[in-house]
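Two complexes follow with subunit A in common, the first pairing it with subunit B and the second with subunit C.
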Partner chain A sequence: MRLILSILAIAALASVPLWLSDPYLLNALITTGIFVIGAMSLNLLLGFTGQLSLGHIAFFGIGAYVSALTSLGFDVGLPFGIRIVHEPWSPLAGFVMAVLVSALCGYLVGRLSFRVRGAYFVIVTISFAEVVRLVALNWVELTQGPLALTNIPPMSVGLPGLGEFIFRTKLHNYYLVLGVAVACYLLIARLVRSHVGRAMRGLMENETLAVSIGIDVTKTLTLAAVVSAGICGAAGSLYAHYIKIIDPEVFAFINTVTMVIMVVAGGKGSLAGPVVGGLIFGLMPVALRPVMAPEAQWIAYGAALIVILFIMPRGIVPALTQWMPRLRRVRRPSFSKRGIEESA
Partner chain B sequence: MSAVAHKLEPAATALSVDRVAMHFGGLVAISDMTFSVGEGEIVSLIGPNGAGKTTAFNIVTGFLTPTQGEVSYRGLNLRGMKPQAIADLGLIRTFQRTSVFPNDTVFDNVMIGLHRRGRVGVLPSVLGLPRVRRLEAALKDKAAELIDYVGLGRRAHDLAGSLSYGEQRLVGVALALAAEPSMLLLDEPVSGMNASETHTFVELIRKVRDRGIAILLVEHDMPMVMSVSDRIVVLNYGRIIAEGPPDVIRNDPAVIEAYLGQGVKHA
Partner chain C sequence: MSELLQHLVNTLVLGGTYALLGIGLTLIFGIMNVVNFTHGILYTFGAYVMFIVVQKFGLNFFVALPLSVAAGWLLGALVELTLLRPLRGSDIDTTMLVMIGAWIAMQSATLWVWGGVAKSVPTPFPDAPLSIGPVSVSWLRLFVLAAAAALIVLTYVLINRTRLGSAMRATFQDHDTAALMGVNVDLIYTSTFALGSSLAAAAGALLGPVYVVYPAMGDLAAVKAFAIVILGGLGNITGAVIGGFILALAEELGAGYISSGYRDAMGFVIIIAVLIFRPTGLFPRAERVG
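Coming up: the complex of A and B.
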């Protein structure tokens, strides 16, 4: 049942450009899709380990900057007369570097802050995002500061025997974002259903008990942070190569808040939650624009959030699965009926 | 190594607690504690409330580091080891109050408990390699078997948080057994259980011991302690006041004064 739903959803999303030719709407879908990937990565931390990262946009921005700089090249001076000159690499290499560097940052933040969790982690992530923003703003030689990095090349993939494929148009980018989003979704789904995911759930529900049965807290949480940051970095890279210009504003706190809203409204701890929440809150401004003044749009945005959380406190997707029990039980492991029936 | 304990039991020593003291600032929770548990033995730690029983548990399982003294398991000193490292040695505990993962089904609880057996690399599990699938299938069988073993077969798909108090304790034991203990530490496992539930639980403890698993029990239910223990260690005000088989403890004047006398009044 869930499998059929997922295939239908992907097919529906893949068919969108066939009947929607308006470039403005397609653009809105692409940027929303990129933010949905970010929200999915946030959900891995918030929904499956219970740790709130309020600086999650830092990993997104780091991914964007790393990818842009890798593909643009740079020439910076460091103290002691060291100069680093980097020749431009392909955007695909930029994407890989973005994932790796973001994941590394996730590792460092996780290692630093998971010794003491909860509010401490929230504060460390906020500070981290702010520090990274200040670096991006002030290290002008590397990042151009507020002048922004411009002329970022579009994403391209070398296909063996077919030459280079460049994602030039909106249509190309739409399918690129959709593909990466599906891949990230599958990665997260596999991870949370594996023994690692079980360890995360155990830690979230009852940490003392989890530790007593041999679950390593720091290792499990750090792993979640690394994967989450890596995925968010991938989203940032897609963003940089699609928008083609990035400035330190990408690190704005409001962007993290948007991702948190997407996750919480859609349903944290549910795989489809950030997708549903992301599509609703990503596309809502677009839908409201023709009918409302800008001020009224923000009020409607806030009102929609309040109404959703009032009716469905755990988020849209968990509420739906509760109303439709058929969706709920299907994914149960094929239980060894032998043992159960004997006892009954 | 303990000087006192060895002449009492013939079996090889599994756990040895040697002259342990635990101070919280000025408060002395345990002043001097020495006892041991042999392989395959059921030892109970009893004493009035506040005697230091749970503190002793937390020291043995690495949740607290003792101010003085040493704890060793199968000859290995546990000082400075993290709780999960101690769990890796096979020393597994249950908890007084929070014995389950409330928002998961009983089955998923035990699956989480099987963590130590299911550890494979992250990449193979994300890729879903055949050997990981085989391992997962084996774990599911194992989980069903353990649920059956503690007698919760009919509750396997219910949320653990929705179970009765006594049933949650059984989930706690299934979880602990899932972690493949060579020694099990049970913290007041039958508190809140009725007589028939307690009786079933005692049977379960015996069954577990017959698997060769040593058991250290902290419990207030005297009839239960007397019936199940091979040896009893009595704590009062952070110090051991008596140690021996149930018959000896039952008639020990110091124990009667410190513990049973009070217990009778409360009952």
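Coming up: the complex of A and C.
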């Protein structure tokens, strides 16, 4: 039943460009899709390990910058007379580098900041993102600072025997984002249902108890941070090659908040949550644009976050599955059947 | 040498207002366990009230200052009553997210109502700075330092010498026991949040005329306040004062000797370093407020 639902949802999303030709809406869908990937990666930390990272946009921005710089090339001087000159590589190599570098940053940040919990963890992650933003703003030789990196080439994939395929149009990018999103969804689903995923949930429910039964806290949390940062870096890379211009504003705190709202509204700890929340909040500006000034839209955004937390603290998807007995009935038996099989 | 002296004088002026910001946040954080993301907005709000009262209503600068502190108190009480009181007992992440929502809504409202153009507040002080040897400091900044020092002392007396203050300290230690002893805990929470907010508004009202007033001015102020609180230790007022001056010193020296582009990075670097190497703050004394 859930499999059928998922396939239907993917088919519905894949069919969108067939009946929707408005480029403005398609553009909104693509950027929303990119942010949904970011929100899914945040959900892995927030929903499955319970760590609220408010610096998640740092990984997105690092992915965007790494991918752009790899495909544009750079020539930068370091202290002690060292110069690094990098010739442009293909955008696909940029994508891979973005994932790797973001994941590495996730590892380092995770190792350092998982020493603290709760409010302190939140503040460390915010600070990390802001420091990265200030470096992007001030290291002009590498990042062009506020002048932005421009002329970023579109994503391209070399197909054996078919030559180079370039994702030039909005339609191409739509399917690219959809494909990456589905792949990330499957990866996260696989991870949270694995042994490690159960360890993560255990840590979230009761850290002391989890430690007492031999779960390695740092290792588990760092793994979640690495995967999460890598996926977020992939989203950043897609963003850079789609928008084709990157400036330090990509690190703005409001972008992290957007991802957090998507996760919290959709339902943290639910795989479909960030997708549902992301589509609602990503497309909300499009729906509000004719009726509201941009500042008023942000007021509505903030107010919507508060209202959702007050009436549905667990998010839309868990609330829906609770209200719809049909869906719940379908989910429960599959769970208990496995339990019976295991005990038998 | 004279350059260093000038930096130290600037540190003193900046540190005073930073300390005000930090005390407000450390009280709220320490007593209510709320990560107050609206702190920066209250700072902005204080500066705008100052601008409106002085520029639009043409009232005296020295009348505007207490007015903006009072307005900060009222807005803080309003936020506490409408958003935090219903959430009492829910987990810290939910409260934090609600405060983020409030922050976005309030900041966008500031932008909507007053526009994005930076405003400057006229002051009654002479333009010519006071010069003592190689060091010069404007009269306005001297007044800011004096006013900040007075407010810090007032807050200290309020917390340590009054009934309300002892009720606050009791609530921080153990709110259940405090409630059993007849302390009206709800009232204490509201007054703590209002007091912290009014101090943020005061900091904004004092620094607004020194720089310019614009809607996003509170964002950095809020992060700096977090840095100060973390430096000084949770709920530690003396720690917040010292933390305010340390942050101001780090910023002045960083801007003067490293690069002015990284001035605002100092606060974040301090946060990261302290939390990683000394997570309890430089002056850990978390068991009591005061």
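Basically, the second predicted complex is superposed on the first by the 306 of 344 C-alpha atoms of A that agree within 3 Å, B and C clash if a C-alpha of one lies under 4 Å from a C-alpha of the other, contacts with A are read in each partner's own complex, and residues count from 1 in each chain.
One rule holds for everything that comes next: a contact is a pair of C-beta atoms (placed from the backbone, for glycine too) under 8 Å apart; a residue touches a chain by one contact, two chains touch by 3 or more.
Keep in mind the model is a prediction, meaning the values are calculated, not measured.
*Asks:* Report for A:V257: first if it touches subunit B alone, second if subunit C alone, otherwise both or neither.
*Replies:* second
*Asks:* Is A:G118 in contact with subunit B, with subunit C, with both, or with neither (first, second, both, neither)?
*Replies:* It touches subunit C, and subunit B stays clear.
*Asks:* Between subunit B and subunit C, whom does A:A210 touch in the aligned arrangement: first, second, both, or neither?
*Replies:* first
*Asks:* First (subunit B), second (subunit C), both or neither: which does A:L162 touch?
*Replies:* neither
*Asks:* Regarding the shared-chain residue A:W298, is it in contact with subunit B (first), subunit C (second), both, or neither?
*Replies:* In the superposition, A:W298 touches subunit C alone.
*Asks:* So, A:V131: does it touch subunit B (first), subunit C (second), both, or neither?
*Replies:* In the superposition, A:V131 touches subunit C alone.
*Asks:* Tell me, which parts of subunit C touch subunit A in their complex?
*Replies:* So the residues of subunit C in touch with subunit A come to 29, 35, 83, 86, 90, 92-94, 96-98, 100-109, 111-112, 219, 223, 226-227, 230, 259, 261-262, 264-265, 267-269, 271-272, 275-276, 279.
*Asks:* Sort out for me which residues of subunit B touch subunit A in the complex.
*Replies:* 61, 63, 83-84, 87-88, 92-95, 98-104, 107-108, 111-116, 118-120, 122, 125-128, 132, 136, 140-141, 144-145, 147-148, 151-154, 156-157, 172, 175-176, 178-179
*Asks:* Under the touch definition given earlier, write down the residues of subunit A that touch subunit C in their complex.
*Replies:* For this pair, the touching residues of subunit A are 52, 112-113, 115-116, 118-120, 122-124, 126-128, 130-131, 134-135, 137-138, 253-254, 257, 260, 264, 293, 295-299, 301-306, 309-310, 313.
*Asks:* Can you list the residues on subunit A that touch subunit B in the complex?
*Replies:* Going through subunit A, the ones touching subunit B are 187, 190-191, 194-196, 198-199, 201-202, 205-206, 208-217, 223, 332-336, 338-344.
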